[in-house]
Amino acid sequence: MKLEGKKTLWKEYQKEIASDNYFYARSCIRQNFFPASETTFLRVLREELGKTIHEDARHTTCTGIVYHSDLVTIETTMTVIARQFSLMTQSGYLNYVASCITSFGLYTEILDMWEHFPEMEQKAREMLWKATKREFEKPKSLAHASDIIYKFRNEIAAKSKYKLINLNTGQPLKVVEHIGCHYSKMFPHKGIGGAEYPYVLVGMIEAFGGEVVDYPERRHCCGFGFRQYIVKANRGFSIASSRKKFESMTPYKPDFILTNCPGCPYFLDRWQYAISEMEGITYGENGHGIPVLTYEELTGIVLGYNPWDLGLQTHQVAVEPLLDKIGIPYDLSQKYLGSDGEFIGKPEKPSVLKVY
Amino acid sequence: MYQFDWFVLPFAVGLIYLMIALFVTYARWIKNLPENERKKVRSGLFSIKSIFAVKEVFLESLLHRKVFKVNPLLGYMHMSLAFGWFLLILFGNWECRIFYHGHLSPPYIPIFFRYFNPHPETFVYERFFALLMDITLLVVLSGVLLAWTKRMYSRFFGMKKTTVLKPGDKLALTALWVIFPFRFLAESFTSANFGGGHFLTGSAGTFFANFLPTQYLAYPAWWAYSFALGLFFVSLPYSRYMHIPTEIVLIFLRNYGVSEKKKFSTFTKVEINSCSRCGVCIDQCQLTNADIKDVQSVYFVQSVRNNNVNSEKSLNCLMCGRCDAICPVGIDIASIRQASRYHQSIQKENSFSYINDLGVKMADVIFFAGCMTHLQPTILKSMVTLLKASGECYWFMDEVSGICCGRPMMLAGKEAQARELIAKNKAMIVASGAKTFVTSCPICYKVFNEEYDLGIEVLHHSEYLLRLVEDGKIELTSQHQKAVYHDPCELGRGSGIYNQPRELLAYSLKLQSVSQEARQGLCCGGSLANIKINNTDRKKITYEAINLLTENNPDLLVTGCPLCKKAFAQLSPIPVLDISEVVSMSLVQKKYYVEMDEGYQSAKHVESFAEIQA
Amino acid sequence: MAKDFGYTISCDRQIDFDKLSRSMYLEVKKAEPSVDACISCGTCAATCTAGQFTDFSLRKFILLLRRGDSLSVIQSIDKCMLCGKCQLVCPMGVNTRGLIYSIQVISRRIECRNRRVVNKM
Amino acid sequence: MKHVLVIGGGVAGMEASVRLSQMGYAVSIVEQSDKLGGKLNRWHSLSPDNSNASDLLGKLKSQIHQGIHKHLNTEVLSVIKNKLHFVVGLSDGTDLKTDAILVSTGFDVFDAQKKEEYGYGIYDNVITSADLEQIFRDEDELKTTSGTAPKRIGIIHCVGSRDEKAGHTYCSQVCCITAVKQAIEIKEHLPDSEVFCFYMDLRMFGRKFEDIYRDAQVKHGIQFIRGRLSEAFENPDGSVMLKAEDTLLGKPLKMNVDKVILMVGMIASAKTKKIKELLNLQIEDDGFYSIADTHYESTKSSVPGIFVAGACTGPKTIENTINDARAAAIQISEYLKQ
């Protein structure tokens, strides 16, 4: 592999990322799947990096899930998105940051469409006006939340308490990454590093001391695929897609999977459990699975945040072996206590997959 | 007390051994024939059939009539050896009988008569028999000389190739070659010592006595003669000469109606052991045009005998039947090869359960085009035109979605699969209530005719069209082209239909004859029976066939098989037509025909056809 | 052991070229070398008598063998009626009937071999 | 004596110069590089007869005599057209007065790096058809980067051709036959290797091309997979995993190969664009020069007195390029006689 070749390519896929004053739009599903990730993102930006980031309680879904399930028309979608932009405009921001890959992809798509078909933008404005009497400005910059972390990866690394180094061997941890299809596959030039050799997560891993491992099915879908999962009859395809990725990455013995998207960590995490129950197969070391992290969780980990504050107890695949490798202390007795100290309940023990 | 000398022992022992060996072998074969075949033997044994068999044995086994027809020189060689030897024995026995006044003598006496009675002056017929035996011996010796020559220079006999010998054969052959020279020497030396003999042995004896110590040589020569005979008899059951006695058995069995079946039987053993390895089938085989030299019937039969048939020998054959047509022994080689394919192939039931409910139409006449005709739209078009013109109520059975007739499967030895296809087609034919079944493909024709057991008449389209013409249902005009008719193998040799196509074509064309036709007709090279041959080799065969067929510069080449047409059309310098196309082109176009449409197939219209005719 | 979630993991349709064995193709090729001339034009499948009723396609079978997916060929090859139309239309001179006959023979051999292995177990 | 300026000293430029000179015209060739011959200098052998590219080059060069003025390492800087002729300013300081101009600026090889998913310039064992010719020309062996002989080689057709994403929707004509030629050459060098061609359509349009294709299958056992490479991936051992659909089976397929050869197409050369500005010529959407009439005047440009020949008017085989050059010579001569 010629890194020089990659670097040349990466140079072609750079984009302007605003350095401050962000308007943040959350993801519909992340707060359920990995509830602390978005919180961590805000905490890192505000506390560690001292940035201004604004949220508006009135923001809604971008319609991405129904849009990609062919259940709404483009008009509905672009009107909803227009309303999001209008909230941003109303708050006095210009830099839109989406927490969700699919939202990011959809915003990009809508903005691109408006650029090519200005009459559609006009239509969106009219419909938004009719429905809500709102007006909006298009964002000056549109970024995915990972772009922001990527932009400040070196600053974060400078503040980090832990490096992605295996304590026992002194070697960098081997990380496989999954970019999320909607991040750059549709609009490679809107993602850092493009679609073939995306750099946004690689940049973080390298900055945090880890080593990225390529694997054959790196670009393959995580298995969410919207209709693949949501329609139960198709669910076999969803899990088969994830399995294809696991089988492809296992020979490289990755220490963890870093993900970019709301659906990806969820399916890469939960399907490991489902596969173990259905086929008795696990992909990690010693009967554990391969831990799956969101980039916010990773950032929190290197910054030394309490693993349970990062929501790592909500993972199906145990993250403790990874924490042990990095040398991060954790208190198992605190694992299932909420922020108020109340017991939040403990999941049923899987029959195959090993957990703590 | 009869005369005796120790030297007769090798002969006597050999003869006894041979008799026992042959008896045991043939008894076992006949005993193991399938029950119904054995019944035929029992009922035929004491009937006129045995007389016919004796006649045939005389004509074929002794005179070798068929070999004569194929190749006179080769025929003479076989005849001089077989019939000559037979006469020697016959005359020897007469001589004995007369000499000993009707008393039976042991078999060695007639054989070695001259040793025991070199010059019996008291015997009144001595001079007569001496002359007779010398003439016969000369004939036999000339045969031996020819056999030597054939072995050395086969081309002298007009044969391109001759058969290859096995070690057992060599022993027997050597013995056979020296038997008569030794007899000649023994009798000559004896004549030199004691007188007797005639123009041959007498003169030779006098001649040898000039420079040889004949008094010392005569006795060893008799030993050598006896020894050669004994050796030949003992080695005969293990050599190709087994064919001599076995052919006699074959002729008898065949006259009783025993025949080859789908599987090997002990009759197959009789047949394959009757092969004299004469090799006429080699030159007859068109595969030699493509330089394929090791699969010809003589080699195939040999491999069956040695129990080492490989797929190449069994499957690399056009099954054209030209070797059958020429085989002097009349071995049913095609059936044996077919049976070997059966034994080699996988028999699988229910391969075609996916075919069901193809739809049936009620009709008087069924037309079945067959797979190959479907690749020849002009034949299809002609047949449809003619069927419409005939006014008969017909059903074009495989117009849209027909299935295969089963013949190709059968040719590949897949009997069970073929039966399944046959059952499916048969059910449709029976349901249609048709009384006549017509097909434009000889491959289909053969299987419909022989295997379907339909209970209705099955006609090749040439027969059917001829009938339409003869019945006045269609009328043909005479064209002026000279044409050659090519006999498709499956139609001609395969089904015995040679004349009907010619009669039909004679209505419109001037038919030329060619050197290789009818029973000697050529294969087009397209044969479905050969699964092994590649297309380049096929083309060589086709090319040679076209060369022979067009030797008299005809304007047209006509055939009765869509596959032959396809094969020829690729390479032929002159147009190639199917019979139906010729008939369709010479059809007298009445206004009536033109007006007829697709729906014109009912009985009502037949009546109106009659009105128009009137 | 397997827990029922109400769905199963779908099979991968991908031809994993490195995992499949092409030994059957090599055997077939030895028996009928003209198979190498096939260019997948599909004329054979278009004219096929059996193909009217089933998905029998010689073109496809040759490809499947070339890719090492022998099993589906073994399962379907006996649907052929050996009528020979394919042979007449093949533009590359493949001896298609000989090819099918050979595939049938080799299929049976492989089936027997597999059966023997099962019996041993 | 009338004068013709030939811009571009590749196959078309050389052949046209020779023919024009034979017709009695003064000819100058301007060539930007230090030698004549263009892409032929870097090619090893030619289809369909496997003849040596250097033999053909030698033949072409031997015809270039002293009377033809060569301006090597030279660019055209300016062109002014007056009523009678063109005044051309060259970078070597010459100002030429010429009566006609033949543009034969050829083609550029598609930059395979633009097809990122194929990994050229990133994966060690991915090379282009042009690289392979260079290897053969230098009499090197085809090896993997770890120095071993590749056991399995994948040849990818239509790289940069017939590809809307790469911006070139046309067929480059020569790549299919080149792929088959190179596949056979590889098998001749490495008889134990397996060679696979991934193609969209096989365009064996030329005389004998189909025979070579048949030989490739029957004699050399080269296998053809009708499916376009979707992506390549480098395995840890340096081998490359290819993903394509076997479209004839309707199934996705993945295969590991030790070496990948990308059949790069022809695109309009950078020079073509530059000269277009100077001469005020027209180009079409595909980037190649417009011609006056596709069938009848294929070497006449949109500007009187300026002619075009060779691959600057679209991908061409060498045979067609040479014919095109000769046709241009005749057309120029007709023009100059008017």
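So that you can tell them apart, the chains are marked A, B, C and D in the order they are listed, and the count of residues begins at 1 in each.
The working rule: a residue touches a chain if its C-beta (ideal position, glycine included) is under 8 Å from a C-beta of that chain, and two chains touch if they have at least 3 such contacts.
Bear in mind the structure is a predicted one, so any value in this text is a computation, not a measurement.
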Problem - Graph separation of chain B and chain D (steps between touching chains) - result: 2
Completion exercise
Reported most central chain by Cα centroids is C
Exercise for the section: Could you find the chain whose CA centre sits the greatest distance from that of chain A? Expected result: B
Problem - Chain centre separation in whole Å, for chain D relative to chain A (CA means) - result: 46
Practice task
Calculate how many whole Å lie between the centre of chain C and the centre of chain D, each centre taken as the average of the chain's C-alpha atoms.
Solution key: 41
Exercise for the section: Give me the residues of chain A that touch two or more other chains. Expected result: none
Practice task
Mind pulling the residue numbers of chain D that touch at least two other chains?
Solution key: 254
Handout entry: Which chain pairs touch, all of them
Key = A-C, A-D, B-C, C-D
Problem - chain D-facing residues of chain C, complex - result: 13-18, 36-40, 59-60, 63-64, 66-67, 69, 92
Exercise for the section: Name, in rising order, each residue of chain A that touches chain D in their complex. Expected result: 1-2, 5-6, 8-9, 194-197, 214, 216, 218-219, 252
Completion exercise
The chain A residues in contact with chain C across the complex are 232-233, 235-237, 239-240, 243-244, 274-275, 277-280, 351-352
Problem - For the chain D and chain C complex, residues of the former touching the latter - result: 213-214, 217-218, 221, 223-224, 226, 246, 248-249, 251-256
Practice task
Would you pull the chain C residues touching chain B in the complex into a rising list?
Solution key: 34, 47, 49-50, 52-54, 78-79, 81-85, 88-89, 93, 95, 97-98, 101, 104-105, 108
